[in-house]
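Two complexes follow with chain A in common, the first pairing it with chain B and the second with chain C.
And then the complex of A and B:
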């Protein structure tokens, strides 16, 4: 549990912003924090994706639900993170991973639902008609025509959601979760800057790496986009 | 350095553990005094308002000018992709040792800069797209009427875009207010201190109080902007905005 840092300790602190020996010596601890950070991010993203897919399907099937779904997810998105984590801490207990994963997943909904819906709406009606004309069943059409065409939009949503989740995971450290965020707090409490700097900069670096990875996955999943771009050049 | 430290010293809120939430929250003594809720509230509101104002002062003119000149289109679209992903907490944490080393204390600089970066993006983006999307014909008509480039920007483009620009400022302000409580966990104060101290003392009354205060202020910020939009914007501009589609969450 994080408590306030001790001011007198910090006033006396004269240690440098980063001490590289510590990083080498305590690498195991840093690595564990990275892994925990990734696990929290992935659990939140998986959960967010499943819920968003269901919500997007409902919104696409029953158009009138679009407005309430957007309104609710927008509202969730604006909830203060400290308050939401604190609210769930007594419900699931501080030691439970779900206390962190649930709010993190909730924050991804707005971005993911918006992008999934936009992706499916961007499928040209002519393509859909052609698929129907070829005698595809509705399920088959959704899977093999609509979904692949919507993938670029969905991936953009996943990218933005993943990058912001990586940033928010650090905040979950206030409830004793939070991977690299815990390094930040352990440094702050002892007025020892190295873990703090390492935790903060690694969480930013992790976001950039994940961003780049998802772009690469996109290039691999939808090669025709690149080809089309090359063709129009 | 010690002086700055004393100013930034986080004071602990001490409350008996067995006190009920309502008993605590509705006690006038809880609100007044140097350690009262009102002091923290003012603390938070002043910081958030300052951050938002500086972000507006920096982003609105820059974005308006660049959009008018049709410049920086690529970098503006690139901004979209990071718009929701500014890692405020990590940025603030990185800046804390740096700020202490210079004797500037825990706050306000680290949290100010981190929140500023968070606020700049939606304001810049909304201003840029709002001005960029004004119909070419309107701008040409103004030009034909003899408007100077400066008046075109301020009296035509900016006026027509004002609703979307204000929406961007609203999003930024809400995000700033919603994120500011992390400051209490980085050696500062503000409303987040009730959650922090509640955790530290294992006192749920304080935690709940903090949640109510933080959530309440965020909701109030949103409502303030709704009222502001009604007050400031002419009916025509608001109708136009509805037609153009409010593209902000």
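And then the complex of A and C:
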């Protein structure tokens, strides 16, 4: 911060936090970044969910695998993202989307596996006993009793993982991917604040919107909990 | 309904033959060589301390636990001859924590087994309505979720759900253990009322002596290892405990408990010092002398009209007034033939008298005294209240 008023005024006049003409002019580029950001987030989440579902099923079926699975996914989670992107770039090539998606998906595993397992473990034993005792087959019970009851936990996991993935996608800009992250990085590189401001605020907005959407999906998927809160007497 | 082909009351509905269950790593067998016949249409309570194998026994009947050896038959069919799922869909199952599906409405919970059996929607819906009425639930609850209901209401739903496909056998594992004593008592009464309509063969696991006494036709009192120490009617169990274990389990107050099991009608009624208002003073004096009583009961048109003091009766005779004009006191202690002996005793004690008037459908039916109750307790041959002795 300069104490001299005049140069700073000039600086702000030429390089303000946001210059709206730029946003209008470069809107196509901004829109592409948003779409790419979303695609990367969704691909990573989908992949993460599929792998997590398999890992969680194994952990629930064979209790002893829980510890190694948690240990491995925790280890992945501790790896610095910049380092992981950098390491994978030579393997898949800078231009492949998978170079970004694979690490992003890997980062979701810890949160998703933990929440899926917790969700299934939270199904009351009495509910399982009643289902079995009425002659429900094991597969039917998993799909029509255990899974619906685990949904609130699973959705919580998806929310946390999705929001953190939206954030991590920006980091993938260092390997030429990264949606809105690329705007941020190009702005930083050129000391031109507008793309940086646009990229940063849109990625925050994206995270908030996705968070809100998942909460809405939850309300729709879990009507019994909404009513319970309503029925406080 | 569909089960019209089932055997009649009195036949064996469930037969356990030399059933043994040992769990891996446990020292002794949880249930050791248990044999038990359960009558069709009866309620049997498997009663005993925790760890006696009563729940294991129950869960072997619907194969939630597989016996290590031995044979279990339901209506003559070996339970091992069908798949566990098929078997369980034909057996009602009620547990202490109810285990309603929190994500399904009450209607959907009740329709669980019909849905699995592939009933069409209208038949299911009709059955749900029917059961809702049967267990005394409000129909507007059908669209609610289990968490919106009280514990007692949830347990009613649990019973309705178990009865949905009209199974001939109902297994109940501590069904009323999770509700408060007042609701428990009400649910027990409702179960008995329900049973008069549905006549299921009910196996009920409980550790609560009072519950067993209240609802069961027969009690199998079990000891560790699934050993049946005594299989008897509630009254028999109280009157003639087979051994020290039974005696200590049912408690030293079993005499008092028997009082709750027997109705006033089990006693021979007697007239007591009671005469009609039309009787002569000689007859009145005679009635009082016979009972050694200072009070005279007076009936008008066969309805008990009140007690008169002996002195007042004699004064009336001297004054030449009528017996019906002697000052009378309302009887505080009045019982009905269906009242339990315990209720009669409580009334007599709290009314600070030694006699209760039996009101038999509006008419004077006789009197019952503390002495009558004491004698009933010591005798071995009073009829039991439920007439199953």
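Definition applied: the second predicted complex is superposed on the first by the 218 of 233 C-alpha atoms of A that agree within 3 Å, B and C clash if a C-alpha of one lies under 4 Å from a C-alpha of the other, contacts with A are read in each partner's own complex, and residues count from 1 in each chain.
Quick note on the criterion: a contact is a pair of C-beta atoms (placed from the backbone, for glycine too) under 8 Å apart; a residue touches a chain by one contact, two chains touch by 3 or more.
Just so it is clear, the model here is predicted, and its values are computed rather than measured.
Q: Give one word, clash or fit, describing how chain B and chain C relate on chain A after superposing.
A: Aligned on chain A, chain C fits beside chain B.
Q: Going by the contact rule set out at the top, does A:121 touch chain B (first), chain C (second), both, or neither?
A: A:121: touches no partner chain.
Q: Identify the partner contact of A:65: answer first if only chain B is touched, second if only chain C is, both if each is, neither if none is.
A: Neither partner.
Q: Figure out whether A:132 sits in contact with chain B (first) or chain C (second), or with both, or with neither.
A: second
Q: What is the contact status of A:148 with respect to chain B (first) and chain C (second): first, second, both, or neither?
A: The answer is second: A:148 touches chain C but not chain B.
Q: I want to verify the contact counts: of chain B and chain C, which reaches more residues of chain A?
A: So, of the two partners, B touches more residues of chain A.
Q: Touch check for A:110: first (chain B), second (chain C), both, or neither?
A: It touches chain B, and chain C stays clear.
Q: Touching A:82 in the superposition: chain B (first), chain C (second), both, neither?
A: A:82 sits against chain B, while chain C stays out of touch.
Q: For the combined overlay, can you note the least CA distance between chain B and chain C, rounded to whole Å?
A: Nearest C-alpha pair, chain B versus chain C: 24 Å apart.
Q: Along chain B, where are the residues that touch chain A in the complex?
A: Answer in residue numbers: 1-2, 5-6, 8-10, 12, 81-91, 93-94, 96-98, 100-101, 174-175, 177-179, 181-182, 184-187, 192, 195-200, 202, 204, 207, 210-211, 214-215, 218, 222, 249.
Q: If we count contacts the way the header does, which residues on chain A are in touch with chain B in the complex?
A: Against chain B, chain A makes touches at 1-5, 7, 10-11, 13, 17, 74, 77-83, 86-87, 89-90, 110-111, 156, 159-160, 163-164, 166-168, 170-171, 174-175, 180-181, 184-185, 188, 193, 196-197, 199-201, 203-204, 207, 211.
Q: Of all residues in chain A, which touch chain C in the complex?
A: 124-137, 140, 145, 148-149, 222-224, 227-228, 231
Q: Once bound in the complex, which stretches of chain C touch chain A?
A: 62, 64, 84-90, 93, 95-104, 112-113, 116, 144-148, 158, 161-162, 171
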